[in-house]
Amino acid sequence: MAVNWLRKFASRSAATVFPVLGRQGEAALHRLALTPGIELVDSPRHASVLLVAGEIPADRFEPLRRVHDQLPHPFAVLWFRSEPWPHLEDVTRIDALDALPEALIAAHRELLLGRRDSASRILPDEPPNPWEGLGDFGQGGEGMMGGVPYGRPMAMNMMDDVRDGLTLDSLSFRLGPFYPGLPPGMAAEITLQGDLVQMWSTQLAPYPRALDPVFFAARERPVPIAELELARAHHHLRRLFSALRLAGLEGASLSALRLARELSPGSRLDGLRRRLVRSGFFRLSSLAGGALEAEQARQLGGPAARAAGLDDDLRSQDDGYRRLGFAPVTQSAGDTRARWQQLLAEIEQSLQLARRAERDKACTERMDSIETPRGPWLEQLPQDGSSLLDELMPGLEWGDALATVASLDVAAAERSLGEAPA
Amino acid sequence: MIVDQLILPLLMVLVTLSVGAYIVAVLDRLMAGAFGAPRGGNVWLAPLTRGAWLLTQHANATEAPDWRAWRLAPALYLALAAIGLAVMPWSASLVATDLVTSVVLWGSVEALATVVIFLHGWSANALLTLIGGYRYVALGLSYILISMFVLIGVALPAESLQFTQVVASQEGLWNVLRQPLGLPLFLIVGLGMTFWGPLDLADSTDLAGGTASEVSGPPRLVWDIARAAMLVAFSGVATTAFLGGWLGPWLPGPLWVIVKMLAVLSVLLLLGRWLPRLAPERCVTLMWVVLLPLSFLALVWAGAVALWE
Amino acid sequence: MTESMNHGIGVDIAFVLLAALAVISGWRVFRTDSMVRASFFLLVSFIAVGAIMILLAAEYLGVAMFFMMAVEMTVMALFMVMFMMNPAGLNPMNMVHQERIAIGAGIAGFVVLGAMALFAAFPERPLPTGLDPVRSLGLEMLGDSMLIFESAGIVLLATMIGVVVLSSHRGRYGAAAEGSMPPGLAPGGDPAGKSEEDEEAGGGHEHHHH
Amino acid sequence: MELVALLLILLIGLGAGLLIQWLPMRHQPMPTWPQRAPFLGGGTPDSHAWSRYHVRYYPMTLLLIAFEMEMMFMYPWAVVFVEKGMMAMMEMGMFLAILSVGIVYAWREGVFKWQ
Amino acid sequence: MTLATLLLLAAALIGIGLYGALSQQSFVMLMMGLELMLNGVMLAAVAFWAYSGAGAPAGQLLTIIVMAVMAIEMTMGFALVVAVFRGKQADTTESLSGLKH
């Protein structure tokens, strides 16, 4: 009786959702962040609903199975614009973005009221290595460091420390592709000693990021610069959202998202910028580190290169832009802080250009070279640059490392998949 | 006599602990709303429904945790918060534990909290919790000294290490004015100790929840309650040490204490929403190189003022 | 204040419980496989002794014991984990030598000291009523024992400097930590990936222990 | 009496914390092994997380113990400060000087940085 | 709670500490044994202060000094361990014998 009452009461709580992102699944994330009654959480342990948003490539099935099984009982799974695995029973698939929040909240509520059964586990209930009854004391271990006590081997030091001469155990693990602190879809094999990254090797590149259709249109015909620049600002603002969230500035991250949602040539960035400066984001947050060298910056291109002092911007070759008085903005340091300052400056510049372009009805003139928000698009779309992280990460503290990853737009660009068929 | 000295203070502590933790949750939601979080639902009910949800969720386990330490850590943290409230006087006579050295006892609570939070991160035997626990130790060990220096500052004019005497010594002028550096420094320590807002290094988002990333269900509920309760205890001590405790016109003493505690809580929660998270390395340097010398200054100031008076 | 002198049964019960706690947790220190548990068992033992000190009206020392030992034992735990293989005792182990002798010495020590405690006659001069232990301690430190107090300060300064010299690997004007790692450490690559600064420091601290 | 109150509060706090955990968890089954694997965003660790962890701030912790010891002397000093007047003030000057020298020295040696 | 029982407790702590200090192989565990012994010493000092020192402040001072000794022992000990470990990757007393050249 009492339990029933407790469950009824609990069913009124916010739906805690752990998002697992598939290709171009970020739209769902951005929508849910602004929806009341839904709480996006960073760990599956804190969630009651697992949201699979977007098509998951086959090479990420295994990690998805693992995350799926890491939600504590009871939990529900929702598939958004993604084909549920056939062997699962009782699956819910949603395709309309507008119906998603409702469905999540309903799933959470039904789960707690007992009207919906908890999703069943996929993986067999086996430890990573058999251990019970093995070894010296039946704990699976042998001697002091040998064996697999409780199913896993012990950490042994494998590489010398990168900072001081003290070499202790290094911990190797694979992170991602569904870790909220990394770009969607990215996975890396990491070795830490203490909280310092010793080695980083990117295993799965992040999903290509969808470019606004207007950039593709610009390859075919002149398009209004206002439209192009708003799409650019939109792209950058959404990246700002995830970075600010990672930095613990939830409020500011949501304002970035709101700004992106209601973007028009009249939008102003001043409020958000003031807020960031006053909160000490540029002074206090972990933004030192991750400085790009000129060669690396050139390879990556785009805002990250301009933050490192290169003034390459294809827009300056376009007469339409030139008439609007366009000149690339650059920073010099090339580190994480410079990249955020660059991003803010570029958003501001884009909004300014959009205002001017709207007044002058300006259109692009060159079609063979487009500056996308990710970087230059000459013969081919900007390609994946995540292997750059392998050089950049070692030597960074964990927080600095993740802030650096967030500040670098390494994902390739691709055409938007558009609305999936209902 | 039993009622006066035991039952009543005991009730006060327990009620403040539970109601205070609830108020912290509500205030935090209100602040979040003011800072742009999507509004919706009942702010007053939300902490309770969330608590109910955590009670129905199953507790998580890891492969080979240190079971006892893992389950004890949240409970111990809660107990430490309770001790913090126990040494805080509600009025000249209404205080649970009026130890001669209650100021030092609070210092011990801060030091022991480091142990407990480290245990919470350590005992799960998972990478992210471990990093969170170690980060907190860096932070926790750095601010202990700052807190001790500013609290010694308030002990100087009181000529005592007893919180009731500390309040009594503020009869003429509250310490917040007499020792202007003390309260700001102490508030920073408070944020650190509950790893709220900018000093949220132990349970941060880049660690997917840090020390709490592997806990779910009831243990997580206790951990959340304990963090909120520690913030309440902290605001109580700040009130006592710097804001004149029960002193104030018109209202009865305990009411004044509550009003001041609410004010301190609001400031803390506001700061928590306003500031970004600091990098651990930067944070340690900041504490030792900037804030600690400032707390020396606060102590010299307090000494000079105490002698001059 | 004088409660503990003409104390009641409550204090006795508390003492027995705390004494048991102190001894048992002290014993557990050497009987657990987890280094972290060992250091925190030691902390519990210290806390129990601190609580007994409070019962003995040494309120300051007792409470100071809590914070001092909390910090010391946290640091102890950190170092235990840093330097011991298998710090959590996932594989049970027994890292003892000359155990027989050690047990014998332990028991002998206890018997000798215990006998002294039981059979030696100590003068009975209880705390005077109205004594404020904290105040008297403060007055002593600023009065007769000023020299001890100040030399302790100097010794601690020397300790600080010694500790920094011994444990820190950087040179006197050590480079900032940022970017101390040159990029391009190949997986499984040789430690040549270490920066020159590291090599220098490696040479620099040789003399510490030779 | 005050110690009794303190003890009771300690026990109630601890008891409540344990009870809230224990009561709902009595009948819960042990989670499956895949659930118990540490969360790494779908990734897996090579080994147990418990290891010889490189505490990057270890010189700072040693410095702290020395500082903490100085604090031991400062509390009794605070109680008699007003009574002793200028002499106590001088004493404080000496202590703060020692600590400041310690901080400045440690800072220059890079103790507060991640080693 | 009498002086005799307190001293008995102190003797028990010293005894356990002695066992630990003699039997443990690793530096750090050895240090724990020493700490436990000092714990007993401190308790004895406070007990004497309370029962047969007539509240002479020197008794309390002695305890503080023991605590200071403990802190210094610990910090210097750990700093040495770090220095030695850096050179030799050693963490037990036996492996130190190689250092005697």
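By written order: A, B, C, D and E. Residues from 1 in each chain.
Basically, a contact is a pair of C-beta atoms (placed from the backbone, for glycine too) under 8 Å apart; a residue touches a chain by one contact, two chains touch by 3 or more.
All values reported here derive from a predicted model rather than from experimental measurement.
Both chain A and chain B are touched by C, D. Least step count on the touch graph, chain A to chain C: 1.
Between C-D and A-E, more contacting C-beta pairs join the chains of C-D. Taking the mean of each chain's C-alpha atoms as its centre, the chain lying closest to the overall protein C-alpha centroid is D. Of all chains, the one whose Cα centroid sits at the greatest distance from that of chain A is E.
Look at where the CA atoms of chain B average out and do the same for chain E: the two points lie 33 Å apart.
For the pair chain B and chain C, the distance between C-alpha centroids works out to 26 Å.
A separation of 21 Å divides the Cα centre of chain D from that of chain E. Centre-to-centre separation between chain B and chain D, using Cα means, comes to 14 Å.
For chain E, the set of residues touching two or more other chains reads 64, 67-68, 71-72, 74-75, 78-79, 82, 85-86. In chain A, the residues that touch at least two other chains are 43, 45, 72-73, 127-128, 149-152, 154, 163-166, 168, 171, 173, 179-181, 194-195, 288, 397. Among all residues of chain C, those that touch two or more other chains are 55, 60, 64, 67-68, 71-72, 74-75, 78-79, 82-85, 88, 90, 134, 137, 139, 141, 152, 156, 159, 163, 167, 169-170, 177, 205. Pairwise, the chains that make contact are A-B, A-C, A-D, A-E, B-C, B-D, C-D, C-E, D-E.
Chain C contributes residues 4, 7, 11-12, 15, 19, 22-23, 26-27, 29-30, 35, 38-39, 42, 45-46, 49, 52-53, 55-58, 60-61, 64-65, 68, 72, 75-76, 79-80, 83-85, 95-99, 101-103, 105-107, 109-110, 113-114, 116-118, 122-128, 131, 133, 136-137, 139-141, 145, 148, 152, 155-156, 159, 162-163, 166-167, 169, 205-206, 208-210 to its touches with chain E in the complex.
Residues of chain E touching chain C in their complex: 1, 3-20, 22-29, 31-33, 35-36, 39, 42-43, 46-55, 57-58, 60-61, 63-65, 67-68, 70-72, 74-76, 78-88, 91-92, 94, 99, 101. Residues 64, 66, 69, 99-101, 104-105, 107-108, 110-112, 114-115, 118-119, 122-123, 125, 134, 137, 141, 144, 161, 281 of chain B are the ones that touch chain C when the two sit in their complex. Residues 34, 36-37, 40, 43, 59-60, 63-64, 66-67, 70-71, 73-75, 77-78, 88, 90, 132, 134, 177 of chain C are the ones that touch chain B when the two sit in their complex. By the touch criterion given at the top, residues 58, 62, 65-66, 68-69, 72-73 of chain D touch chain E in their complex.
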